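Take a look at the structures below.
Two complexes come next, and they have one chain in common, subunit A, joined by subunit B in the first and subunit C in the second.
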Partner chain A sequence: MRSEQPNAPLWGQRRRGWRAGGAWALLPLAFLGLALFLPLWEVLRLGLQADGLWTAAPLRSVLGDPYIRRLLLFTVEQALLSTGLSLVLGFPLGWLLTRYRFPGHDALRAMTLVPFVLPPITVALGFVLFFGHAGYLNRFLQAAFGLAEPPIRVLYTLWGIVLAHAFYNAPVVARFVNVAWEAQDPTHVEAARVLGAGRLKAFFTVTLPALVPGALSACALVFLLCTLSFAIPLSLGGARYATIEVGVYNLARVDVDLARAAALALVVLAVSLALTCLYVRGGGLLRPVSSREREQPTVPLLDRKRPARLLWLVYLLPAALVFLGPIGAVIADSFLRPAPGGSSPTLHWYRIALSADTTPFLGTSPLGSILTSLGVALAAAGGALILGLAISAAVRRLRSRVLETLLMAPLGVSSVVLGLALLLAFRRPPLSFLPPGPWPLVVAHILIVYPFVVRAVGPLWESLDPRLVEAARTLGASRRLAFLTVELPLLRSGLLVAGARAFALSLGEMTATAMLARPGLNTIPLAIYQFLSSRRFGAASAMATVLMVTTALVAWAWERTGRGLLGRREKAFLASDSHRGGAEIAEPVERVASGFMPDDKAVRGLKAVADRLRRYREPIHSTTDVLRVSAVRKHRRNHA
Partner chain B sequence: MLEVRRLTKRFGHVVAVEDFTLAVPEGEVLALLGPSGCGKTTVLRIVAGLERPDAGRVILAGRDATDWPPEKRGVGLVFQSYALFPHLSVGANVAYGLRFRRGDRKGRVRELLALVGLARYERRKPHQLSAGQQQRVALARALAPEPRVLLLDEPLSALDAALRKDLRAELRALLGKLGMTALYVTHDQEEALALADRVAVMREGRLEQVAPPEELYSRPKTPFVASFLGRANLWPGRVVSVDGDRAFVEVAGERIPAERGECREGDEVFLFFRPEWVEVGEGLFTAEVESAEYLGDRWELRARFCDLPLVLITGQDPRSSGTLPFAIPTARTIHQQ
Partner chain C sequence: MKKLTLLCLVLLALPAWGTELVVYTYDSFVAWGPALAIKDAFEKAHPGVTLVWIAPGDSSEMLARVVAELELGLPTADVFVGLADVEVPRALARNVFRPLEPERLAHLADVPADLRIGGDAFVVPYDHGYITLIYDARALPDELVPRTLDDLLRPELKGKIVLQDPRTSSPGLSFLLWTIAHYGEDWPAFWEKLLPNALTVTRGWTESFDMLEAGEAPLGVSYSTDEAYAQIVYGELVYRVLTPDGEGFHQVEYMGVVRTTPNAELAHALLDLILSPEIQELIPTSQWMFPANATARVPEAFAAYAVIPEHPVSLDLDTVAANLSAWIRTWQEILVAR
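Entry: the complex of A and B
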C-alpha cells in the first residue's frame, strides 16, 4: 500500500509547505543575501561601473591587458598539464587499489583522502623544502652522486606548480577510477574472455571503456580545482607564474587597484561558475552505474609465482617519494633545521611558532595567529552547522531547484572572488556596522564550509524514515517537539562529523583569508605563507606541523565519533523502504559539496547493504553505510 | 467512536480515496481490506491526521477532528515498519507517548511491556530485538497513551508466515481483552477474516462492502468482493423468474435456481457460488474437466460448463480429464455493474 504514496508528507507540511519551509529558508536566504549576494553585487558594481555609469570598459581593459591575457593562458595551461599528470599518476593507483590486495591496502586507500584534509599551504611548503634547490632531494642527490650543482630545478617553474597539483589531485583521480572500476560487473570481463578476447584485449575493449566516464569526471573536477587553485601557485609560482586567482590577489592586495581586481574577479567568477556547472551537470551523466552481481575479484600483489607484479615498484617508489617526501620534509624540517645557535634537532622553531611576541611580517604574534585560527574555525563551524541544518531543512521541505541553487551558490564562487567581495562589502554599510573583529574571516569561512555540512546532514536526514516523525506525532508530539526529540538526536552524529570537518576546512583555508587579512588579523596558513615567503623555513615547518597535526586529530576524531555514534544508534531503522524524493535533486550538489568525492562505498556496498536492508535487523555501522543506503534508494528508484 | 464521512483524497491526478464513508463503533475491530494501491492506507493516514483529506470529515468520539493535528487526536498508530525510535531504548520508546501526560509513567511502561510479553526487554535498543519483538514494542508504544482508536497499518506484513500466524492470534486476543476500537489495514484476506469483527473491502478508493466476515464471504455484494475473498464462480446470466426468495437465473440456456437477494425479474446478474458449495459426482449438469490440482486434503478442479469457467473442489481423486456431473444446490445472485 505504501506504493501509492510512499512520500506523502505530513499534511501539515503539505498544506503549509511553503510557509513552514519558507521559515527554514528565511535565515539562510537572509544570511546569504547579506554575506554573499550583496558583496558580489559590490564586485559587480566596482567591476562594471565607471564614474557611476554601467559600462563594460573596465572589463574590456582588463581583458585587453597582455599581462592578464598571459595569466589566463597560463592558468589554462597549468590546469591542463596538472590534470594530465594527475591522470597519469592517479590511474595506476586506482588500478592498484582495485585489482590487488596487499598489506596496507586499506591504509593506502585511506591516504587518497589526505588531499581533502591537508591544507594546500603545507603542500606548497613541503615542495619547497623537498624539491627546492637546497631541498632535501637535491642535497641527497648531490651527496650521493657528488654533484656540484643541484640536479633538480622544478621550483618556481611551471613544472613545480604542475607537480604540486598532481600531488594534490592524483589521489582524487585514483579514487574516481577505483570507484568506477569496483562498480563494474566482473562478469563482463569474463564474458569477453569466454568469447575469445585475451587478457589485454578484454581490458581495452571492456574494462577501459567502462572507466572512461569515471576518469573524465575526475579530470573535470581536477581541472576545476587546478584552475581555482591559489596557495600553490602563489607560493611556488614566484613572480612569473601566476594564475588568475593569484592575479586577483595581487591586484587587490599588492597593487591595491580594487577596480581592476573587481573586473578580473568577474572573469574568474564567470570561469568558476561555468566550470562548476559543467562539473555538476556532466558529473551526473558520467557517474558509473553499478549493476554488478558480485565484487571485483582481487589478486595478491606479492605472489612468488608472479614476480612481474613487482614491476609495480617502479611506479610505487617514485610515487611514494613524490607523495610522502614533501610531507615528511615539513615534519623533519621542523625538528632538524638547525636553530640559530646551531643545535639540531631542536624545538627552537616550535618556540617561535608558539611565541606570543609580535613578529613584524606577521603583523601579530604567531600564537595570536593560532588563536585567531582556532577561534575563527570554531565560529565558522558553529555558523556552518546552523546554516547547514537550516538549508537542509529548507531544501527538504521545499524541493525547489531554484532555491537550492541559490542556497548552494557559494560552491560556484571562487574563494578569491569571495574574499574580494567581502573585502569590499565590509567597507560599506550595512556590514561595516559590525563591531570590529575577525567577522569578515568568519563569514568567508562559513560560506566556504557550510556546503559540506549540507552534504553530511542532507543525505542522513533524507535517509531517516519519515514514519519516525509520524509515529512521534501520533504519540502526541508537535512538529517542533518531534524534530527535537526524534530527528535532531538521530542527526547528531552527522552534525558532529560535519562540524569537525567544517572546523578542519576552516583551519586550512587560506585563499579568502589572504584576501581579507589585515595587520593583527592573521591565521595559521597565512602565517606559514608569510614565514615561507620571508624564507624562515624552520618556523614555517613548525607551524605547518602544528596545523597538520591539529587537522589530522580533528579528522581522526570526526571519523571516530561519527562511527561510534552511528554504530550505537542509527541502526537499520534508517533503512526502511520509504524515502523522500529529494535525494536526486540534492545529489549533484552533494557531490560537489562532498569535497568532490563520489560515494565510493555507496557504489561498492550497494548489494551488501541491500541484502542487509532486506533482513532489516542488521545494524548500520557508519556514516558511509548511511550514504550507501541513500545510494541504494536512488538506485532502486532509477531502476523502478 | 470513529467515523469518516465522504472522504476524498487526490494525489495530483490520482484519486486515492473517493467518497468514502465508514463508521467504527466502540470496541469493534474493523479491517480495511483491499489490493495494493486501493487507498486503504490513505484512509488510515487521514484518520491519524498524517494526511489532510480534500473533502469529507473525520469524526472522533463524536467530535469533528478533521482539522486537528495528529498529536491532538489521541489515536495510536502501528506502522508496517514499526518506526521504532532507534536512538531510544525499548522502555523509552514505549514511554515516548507518555511524556506528554502525568501519572506513573514507569509503571505504565512496565505494564504495557508485560502485556506484550517483553517485560525483560525494557533496556534493550530496538535493533537488538527480532522483528516479532519489534512489532510488539510498536504495539505497546501505540497503546501506552491509551488511545481512543488504534490504527494498524499492515502490522504483520513484514514478518514471515509462521510468526505472522502466531502474532495474529495474539493480537486478536489482546485487542479483545482491551476492548479496543481498532482500524486494521491489510491486503491479506485471511488476516482480515481472522482478526476483524467486520471487514470493509476497498477498491480503487471506494468502499465496496462492509460486513462481518462470514457474511462477506457467503453474501458478497459485488463481483469484486466475491472474487477478492477466496475462490468464486461467477457466471453472467439473467433473472428469468422470481419465486418468493428464489430466483431462476438463465445461464447458457439453463435455468439455475439461486437465492434471490435483491434482484428482480429481467436483471442482468452474476450467478455466484463458491467451489465448495458445488456437489460433485451427481447432478444434472456436466462439466468438462480441464485440469486437476492436488492440494493434500482435496482436489481443485478447473473445468468448463458450456464454455463458462468453473472451479470445483472434491475430496476424491477425480478423473483428470473427461466429464463430471455436478449440481449447484446453493447459489446467489450478484448484480452486474
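Entry: the complex of A and C
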C-alpha cells in the first residue's frame, strides 16, 4: 500500500499549502518570465508587427518566399529520411542487445547513451574527416582498389546530413526498442510456439506488434530532433542544403534582416511546439507497459552450433564503421595529420589550436573560448540544478497541468528561436541592465538544460514514499531537516547524473550559442566550427578531441566529487551545534522503524536514515536531538 | 558562481589596461596578407595601443557581422578592412561607416582617382586585382581547359569546379556580377547549368583555394595574380590563370572607419599606415594584389606574371546597389531548386 502524495491546491482554502508551494513556484516563474517569456514576446512583436500595428504580413511574406518554402520542404524531407535510416540502423541494434549475450554487451548498451552527450559539431567534423572526398574512408578505398576518383561522395549532399543524423539517432531507436522488448512477457511467444507458430510467425504476430508503440515513440523523438537539428546541416549542408533552423540563423546573422528572422522563427516555434506536444502526449500513450513475469531469455551470440548467427557481422561491421569511424577519425586526425614539416604523429595541431596565433580566425583566443565554455557550463549546470529542484518541488506540491506546462515550456522552444529571442531581449531593459558578460549564454544554456534535470529528478522524487518524510516529521525533524536528511540523499544519484549531463550538454551546445556569439564571447564548439568551416582540419580535430575529453572527464569528476560534497554537507549540517553522537539515536530510530509498518519501503528508508546517523560519530544537531526524544517516546507508546 | 563572477570580472578588466583597436577583415588578409606587419608597424608607432585583427570569415560574412553587431547594439569593430567595390553599396545602405576625414590620410594623394569612389566620403581603396578562373596545370588536361565562360558548362568538367558563395564571399559575388555583366538578362540560364557542374560552393575564397591546393578540385574562381604566386612560391607555374573570352572582373578593395568607434583618430592613423608605401609594397607578394598606392614599387617577378585581362569587366555601382538583393535572391533560388 502506498499513500497519495499530499496535494496543495493552487488557490483555495489551504492557504498554508499555497504559500509553501507558491514560494517554490515563484522563483522559476520569475526566472522564466524574464528569461523566456519576455524574450519570446520580443520575437512575437518583431515578427507580427509592422509600423507598430499587429499584422500577419511579415509572416505571409516569409511563407510566400520560394526560398523559405524550399527550406521547409527540405527540412521535412531530410527529417523523414533520417528517421527512416535511424530506424533501419537502430532496430537491429536493439534486437541484438535484447536477444543475445556476448562479451562487451553491457559496454555496447552503455554506448547507446553516448550520442546524448556527444556534441553535434564533433560528429559533423568526424563525418567530414571520415566520409569526405579526401577523407579516411575514400583514401583507404582508393588505395585498396587502385581507384583514381574517390568512390564515396556523400558530403555536401542530402545523404551526408541524413547519415550523420542516423549516426546520432539510431542509438536512440535501439534504446527504445531494447526497453520495449525487455518489457515483453516471454511466455507470449512461448505460447505461440506451443500452439504451433513457427519462429518467424511468432515474431511477426507476437513480438513485433508489441514493439510498434516503442518504435513509433522513438521515431517521433528522432523526427523532432532531426527537424530542429542545426550544427549538422550547417556544417555538412554546404551552401545548398539548409534547414529552417539554419535559415533563421542566416536571416539573423548573415542577412541581418531581424524582422524576417523573427517571422521565420515564429514558424519554427510553431513547428517545434507542435512536434514536442505530439511527442510528449503521444509518447505517454505509446509507452510500453511492462507485462512480463520473468526476464527475456537471452542466447549466446557466439555459438559453434549456430554459425548462422555470424550473419550479424553483416550488420555489425558496417555499423561499427559508421559509428566508430567518424569519432575515431577526429581523435586520430588530431595526432596523425602531418604537420607542415611532414612529421606525424605530432602535437603540432594542439599547439596551433591553443596558440594565440589563431585568435583572429576565432574572434577570441582559444584559451578564452575554453574558459568561457567551462565557466558557462558550470554556471548553467548549477543554475539548472537549482531551477530543476525548485520546479520539481513546485510541480509536486501544486498539481496544476497549466503550471507544469508553463514551467517546462523551454522543451518545446527550438534553440535557435531561443537564441534569437535572447539576442533581441538583451538589447533593451530589463535584461540590458545586466553588466556585460556571458549572461546571454548562461541564461540560454540554463533554459536548454534544466528540463533534463526536472525529468531526472521529478519522477525520482515522485517515487519516494511520502511516509519517509512524514515519519521524519513525526519524529520531530523540521521540514528542512527532513529534506536534507531524507529526501536530498535519496535524490542524490538523480541530481548527480542530471548535473553531469547538464554540464556536458552545455559544453556541447552550439545552436543558441551561434546565435548569441559576439566578439570576445566564443565557446569550444564554435571554435571547432570556425576551424572546420575554414578547413583548418588539424586544429579542428585537436579542439574537438579537447572537447570530448573534457566532457568525459568532467562528467566523471562531477560524479566523484559531487558525491563527496553532498555527503560532507549533510555531515556538516548534522555536526553543527550539538552534543550527542549520531550512533546514540540511530538505534531508537531503527527500533521505531521495526515497530512501524513492518517490512515496508518506509522502514527501509528509516533504516537508511539510521545508518546515516550511525556513520557520524561527531555530536549531532539539536533538532536531531528532538528527533531522538520523540523517537524514544513514540517507541515507548507503541510498545506500551 | 562566485568564481565565475570573479573570472568574468578579470576577463572584463583585461582589455581596460590599454587601448585596443579592433579591426575586422577577411581571413586571408591575416593568413596570407600583410596583417601582422601592419600590427607591428602600428603598435610601434602608437605605444600602448594594441591592434587586434578579427577575421573568422570572408569579407561579406565579416560585413554581416559588423552590420549585425551594430544593429543589435553589441560591441564591434573600430575599422573594417577588405570590402570589395561591389559590396560598398550594401555597407553604405546599412550605415556602417562614419564619414572619413581625408586631411588625416596623407597617403591618399598617391592613390589614382579611378580606384576611389564616392569622393572618399566613407571608404578608401588599398588594393585591387582581377577575379578570373585559375586551374591546376598538373591536374587538368589541356583539352579540358575552358576558353570561354560557356566552356564551364561542359559535362567533362562536372565535379571539377569550385565556386564561392556570393552571399558570404567577395570573389564569389564578383564572379556572379561578372556573369551578369557578360550574359545580361540570360545569366540565370547560365547558372542553372553551372551549379550542377560545380563540385561545391564554399563559404569563402580561403576554403576554395585550399581545396585547389589539396588537389580536391583542379579548377576554380580566384585572382589573376595566382600565376605570380605559383612562380614565386613554387618556382613553376603550377596554377595557370584563365581569362575566358579575354575577360576578368575588376575588383577594388576598400577600408573604412566603423560608425561607433571611440578611436576615430587611431582608426585614421591605421588607414593612412595601410596606404603608406611601406605597407603597400608588401601587398603584391603577401596579399597577391596590385597596390593602390601608385608610388609603391612592385617586385619584377610579380609584375611579369600577374595577368591583366584584355577586357576588364566591371558593373556600375548604382546598378549593383539597385539590383543586388534581387540578383542574390534569384541566385539562391537556382541554388536550392535543382
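Note that the second predicted complex is superposed on the first by the 526 of 640 C-alpha atoms of A that agree within 3 Å, B and C clash if a C-alpha of one lies under 4 Å from a C-alpha of the other, contacts with A are read in each partner's own complex, and residues count from 1 in each chain.
Just so we're on the same page, contacts are C-beta pairs under 8 Å (C-beta built on N, C-alpha and C of every residue); 3 or more make two chains touch, one makes a residue touch a chain.
Here the structure is a predicted model, which is why all the values come from computation and not from measurement.
Enquirer: In the superposed arrangement, which partner chain does A:Gly382 touch: subunit B (first), subunit C (second), both, or neither?
Expert: In the superposition, A:Gly382 contacts subunit C only.
Enquirer: A:His133 in the overlay: touching subunit B, subunit C, both, or neither? Say first, second, both or neither.
Expert: In the superposition, A:His133 touches subunit C alone.
Enquirer: Could you tell me if A:Leu362 is touching subunit B, subunit C, both of them or neither one (first, second, both, neither)?
Expert: second
Enquirer: Considering only touches as defined above, state whether A:Asp255 meets subunit B (first), subunit C (second), both or neither.
Expert: Only subunit C is touched by A:Asp255; subunit B is not.
Enquirer: Touch check for A:Glu470: first (subunit B), second (subunit C), both, or neither?
Expert: first
Enquirer: Could you pull out which residues of subunit A sit against subunit B in one structure and against subunit C in the other?
Expert: No residue sits in both footprints.
Enquirer: Could you pull out which subunit C residues touch subunit A in their complex?
Expert: 1, 4, 7-8, 11-12, 22, 27, 30-31, 35, 52-57, 61, 64-65, 67-69, 71-77, 94, 165, 167-168, 200-204, 206-207, 210-211, 214-216, 329, 332-333, 335-337
Enquirer: Provide the residue numbers of subunit A that touch subunit C in the complex, in ascending order.
Expert: For this pair, the touching residues of subunit A are 66-67, 70-71, 74, 133-134, 156, 238-242, 252-256, 258, 359-363, 368, 371, 375, 378-379, 382, 423-424, 427, 432, 435-438, 518-520, 530, 533-535.
Enquirer: Which residues of subunit A touch subunit B once you look at their complex with the stated criterion?
Expert: Those residues of subunit A that touch subunit B are 1-5, 8, 10-12, 14-15, 465, 467-468, 470-479, 485-486, 489-490, 569-574, 576-578, 616-617, 619.
Enquirer: Flag every residue of subunit B that touches subunit A in the complex, lowest number first.
Expert: 11, 14, 16, 36-42, 45, 48-52, 69-71, 73, 75-77, 79-81, 83-87, 96-97, 99-101, 125-127, 130-131, 141-142, 144-145, 151, 153-154, 158, 185, 187
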